[in-house]
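Heads up, the next two complexes both have chain A, just with different partners, chain B and then chain C.
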Partner chain A sequence: MTPILEIRGVTKRYSVRRGMFEPKRSLMAVAGVSATLPRGEVLGLVGESGCGKSTLAKMVLGLETPTEGEILVDGRPVASLGRLERARLVQPVFQDPYSSLNPRRTVAAIVGQPLDVHGEGTAPERRTRVAEMLALVGLAERHAAAYPNQLSGGQRQRVAIARALILRPSLVVCDEPTSALDVSVQAQILNLLAELQAKLGLSYLFISHNLAVVYLIATRVAVMYLGRLVEVGQAETVLTAPDHPYTQALLSAVPTPKPGRGLPGAPLKGSFPNPLDPPPGCPFHPRCPVAQDVCATTPPALESKQAGSTVACHFAG
Partner chain B sequence: MAATAAGPKVGKRRGRVLGNPGLIVSAVVLGAIVIMAVFAPLFAPYDPYAQILDDRLIPPAFIDAELADPRYLLGTDNLGRDYLSRLIYGARISLLIGFLTMLVSGVIGTAMGVAAGYFGGRVDTVVSFLVTTRLSLPVVMVALAVVAIAGGSLQVVVLVLGLLLWDRFAVVMRSATMQLRSLDYVAAARAIGASTPRVLLSEILPNLVSPLVVVASYEMAQAILLEAALSFLGLGVQPPLPSWGLMVAEAKEFMLFEPWMILLPGLAICILVLAINLLGDGIRDATAPEGR
Partner chain C sequence: MAGDALLDIRHLAVRIPVADGPLHAVRDVSLNIHRGETLCVVGESGCGKSLTSLATMGLLPPTAVRTAERLAFEGEDLLRAKPARMRALRGDRMAMIFQEPMTSLNPAWTIGEQLMEPFLYHGKGNRRAAEARAVELLERVGIAAAGSRLAQYPHELSGGLRQRVMIAMALMCGPDLLLADEPTTALDVTIQAEILRLLADLQREFGMALLLVTHDLGIVASVADRVAVMYAGEVVEEGTTEAVFAAPRHPYTRGLLSCIPIPGETPRGQPLGTIPGTVPSLVGGIEGCAFRDRCAFAREDCARTVPVKDDGPHRWRCVLEDVPA
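== the complex of A and B ==
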């Protein structure tokens, strides 16, 4: 069976000019990322802000085109799909439900818009499908006539999920779907996403910087640093026995819910490097606790270290 | 839109309309002026062009009760034409020019601004250059020159002002569109397969209404003022059409002895412009979606 999502050596470069007389420089937002997502699974993509997670998501959605490499959804390259065809395969759920819904449309209009765009069904048929979809994401019938500003954050995110699913896509790109929500609501939305995944046989590309959330929902995890994947593997393996020093550092920075333990210490020195000026060799070496001379000169390749896991580090494990 | 909303929203919006005295007063004043202008033949007691040379320069009652004539509520001008009738017919010219100019400049400016804001890059560079070029032209000078060449008439004034006053539309729509473009619901619309025209018409434009109303009202008021100025200089609409600016111009010869002649059309212009601006502000406040 073809994997639902296949990312093949994708690179995205932006040219940036800081001032009128400065020369143009190229910013590598995503650098040679390859990953596959088998059908019916959830690939969790984790990393710090600015590491290229969202750029990768935009490319999967076809909102941006890769500079190099290609992305296959359901075995077909995204770049060559028409906008309608692409929309039927892959749909987004965005982070901020306050900006992802048009404030001038009712919930019914927002959820029904994809049917409108694709010219599916007659007006009464569309109404029925919208009502079914709202029920599926746990919204009441009366919400159909509401405007987004009359709903809570959780309800808005349910509307966004309904809009994404009404075309029955096989792949849903969730770009931090819970990080703008209250903690209690986060759990509800996560459960809803997990439930819908099982019920509709969906696959998710699930982007987050919250490791606990990823642990809960993802079957596979890819860790990203400065536009590169540093560790990919089964969620269980990567998040409990990580091999890459960056993944280890991320995990040790997760706050524990036990009272009296205090905040975890920051295990990394330095700060996230400027993507315009990436360090030579391994991009992580200036902050790495186990770095040696070779790290500053030779970038490590992704290599299999454990069963099913690949790690990009000279001294992993 | 409010009609389809759930109960509490309608109530809130009604509250926002009724709780804004500026909006109510300006709407009533503007409504009265528009009705008067549209049904001018019904409201005007006399033909605005009819000259009764025996009854020249009769002041209105509140200026000079002794010389006033009850047949002429606001007096007569130097050719014995009823001043009230001329003011009522003059409202037609002002509103017509204001509205048409706003329409012409609004279509040009909004199209340019939205295109520049949404597409960015080269389109933005070209539009910004055109805006800069336009801003470097003094409106009155260019209008004077063109009208001097093409001759003053209502059509020429509308066209000239319409082709000159689009800059604010373009600038405001450009920056508002740039803000909207980066919002997730625009990305979501593209992700569901919506075409670019569809995104522009159903996602961007409806959310531009608030700033558009404000700019449109301001530009309409501006056009009315400019028409008055051009007519005052003798380059706008031509006599005997009863334009308010023209009335001010005709009255200036008598300013020393009959100052009310210049005061009345001046006051009319002032009230109309004020009402339009207040209405624009009020509508913006009442239609902006909550929480934004």
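== the complex of A and C ==
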């Protein structure tokens, strides 16, 4: 079976100028990323701000074009798909349900808009489908006539999910879907996403900086650092016994709600490198606790280490 | 105990007039914090945790009404303190760090001018002394090439660096009490870990009391000596971090803990614990337990006044004798 998403050697370069008289420089936001998402699974994409995870998501959604490489959704190159065709295959759910919904339209109009755009069904049929979809995401009938400002953050995110699912896409790109929500609401939305995934046979590309959330929902995890994948594998393996020193550092920095474990992880050396001037060799080597001379000169390739995992490190494990 | 507390808050209430009547944003909050201690106030959006810290600092919006039986800092009554006295205390004996280092620094002033301002305002010394102190603190909070940073503007610094500048600014006069409102929420986890370590080190070094407002129970578990859990404007549970995490007595605290996934521990492929429903409206006030509509163990007497129970240093507001696990 063709995987629902195939990312093949994708690179995205932006040309930036820091000041009026400075020369243009090339910023590599995503550097040669390859990944596969089998149908019905969830690929978690984790990393810190500026690691390129959202740029990758935008390319999967067709909102940005890769400089090199190609992205296939359902076996078809995203670049060759028209806007409407693409929208039927892949839909987004964004982080902030306060800014991703039109404040002047009712919930029913927001959720029904994709049906209007795609000319699906008659008006009464569309109304029925909207009502079914609202019920599916756990909203009450009375919410259909409400405006976004009358809803709580969790309810708004349910509207955003309903809008994404109304065309029955195969792939949903969730970009930090719970980061703007309170923990109790985050739990409700995570449960909803898991339930919908099972019920509708969806596949998610799930982007989050919250490793615990990704651990819960993802089947596979890809860890990004400075535009590159540094570790890819089963969520259970990568997020409990990671091989890459960066994943280890990231995981140990997460504070656990259990007292007596002390402060979260010993900090990494230095700070996040300037993406305009990435370090040579392994991009992580200036901050890496186990780096040796070779790391400063030779970039490590992603290689198989343990059961199903690939790691880009000369000394992993 | 409370007599020699550095900060002693008793029965604090904050009401905000809105179109439909007064919004009871903080209701009957009693907290105290001792020298060198870390108290975490934890809760979800709108629970009143930030307003409690703003009320302490006298920084509430002008329309908000603050009442309390006692609000004392180092034994001094802040309820009767004149604005000039509050200005003298703020930034000197008590200082605050806010969540958004992007918006809480002045974009038109250099880092150096902003760092030196509280030092000069409170008459701690001349400009040369202020500059020396600024460089010393920037180095202490882990900023390299501190001397050259003084001439930089906030936009030239990353989020993590700006938050370090905010911390350094709060420490310029060596405060006895540091209030930090979600100081790491806008930051990546690795930077958050560094800032939390930094705060813990500085606190030990300066003997400060730290009142940390957060929504993250993970942060509470790693830094707090004591924790106060707030819900709908009230403290529903309070105690030593060990006691509250080992045996949470309030159903809300239990619910909150079950909502947080832990890698390697939370079972995958099963629904996560949730708290059904939403927070009640605080307009016009609430009778009885504010959590009863969302509580699995609610019974009739929850609608009446809820007793505060205690088990030594652990206090909670619930009618139930023991919440079933």
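FYI, the second predicted complex is superposed on the first by the 311 of 317 C-alpha atoms of A that agree within 3 Å, B and C clash if a C-alpha of one lies under 4 Å from a C-alpha of the other, contacts with A are read in each partner's own complex, and residues count from 1 in each chain.
What we mean here is this: a residue touches a chain if its C-beta (ideal position, glycine included) is under 8 Å from a C-beta of that chain, and two chains touch if they have at least 3 such contacts.
Just so it is clear, the structure is predicted and the values come from calculations on it, not from any experiment.
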item: Fit-or-clash call for chain B and chain C when the two complexes are aligned on chain A; value: fit
item: Which of chain B and chain C A:Cys174 touches, first, second, both or neither; value: neither
item: Touched partner set for A:His209, first chain B, second chain C, both or neither; value: second
item: Most chain A residues touched (candidates chain B, chain C); value: C
item: Partner chain(s) touched by A:Leu190 [first = chain B, second = chain C, both, neither]; value: second
item: Which superposed partner A:Arg163 touches (first chain B, second chain C, both, neither); value: first
item: First (chain B), second (chain C), both or neither touched by A:Ser271; value: second
item: Touching partner for A:Ser49 - first (chain B), second (chain C), both, neither; value: second
item: Contacts of A:Pro257 with chain B and chain C, given as first, second, both or neither; value: second
item: First, second, both or neither for A:Leu37, with chain B first and chain C second; value: neither
item: Gap in Å between nearest CA atoms once chain C and chain B share a frame through chain A; value: 9
item: Residues on chain A lying within both footprints (that of chain B and that of chain C); value: none
item: Chain A to chain C touching residues, read off their complex; value: 48-49, 152-154, 182-188, 190-191, 194-195, 209, 211-213, 215-216, 235-236, 239-240, 249-265, 267-268, 271-272
item: Chain A residues within the chain B interface of the complex; value: 58, 61-63, 83-84, 86-88, 90-92, 94-96, 98-106, 113-114, 117-118, 142, 145-147, 149-150, 160, 163, 167
item: Chain A contact footprint on chain B (complex, rising order); value: 1, 4-6, 8-9, 183-185, 187-195, 198, 203, 206-207, 289-292
item: Chain C residues touching chain A - in the complex, by the definition given at the top; value: 44-45, 158-161, 188-190, 192-194, 196-197, 200, 215-223, 241-242, 245-246, 255-257, 259-264, 266, 268, 271-275, 278
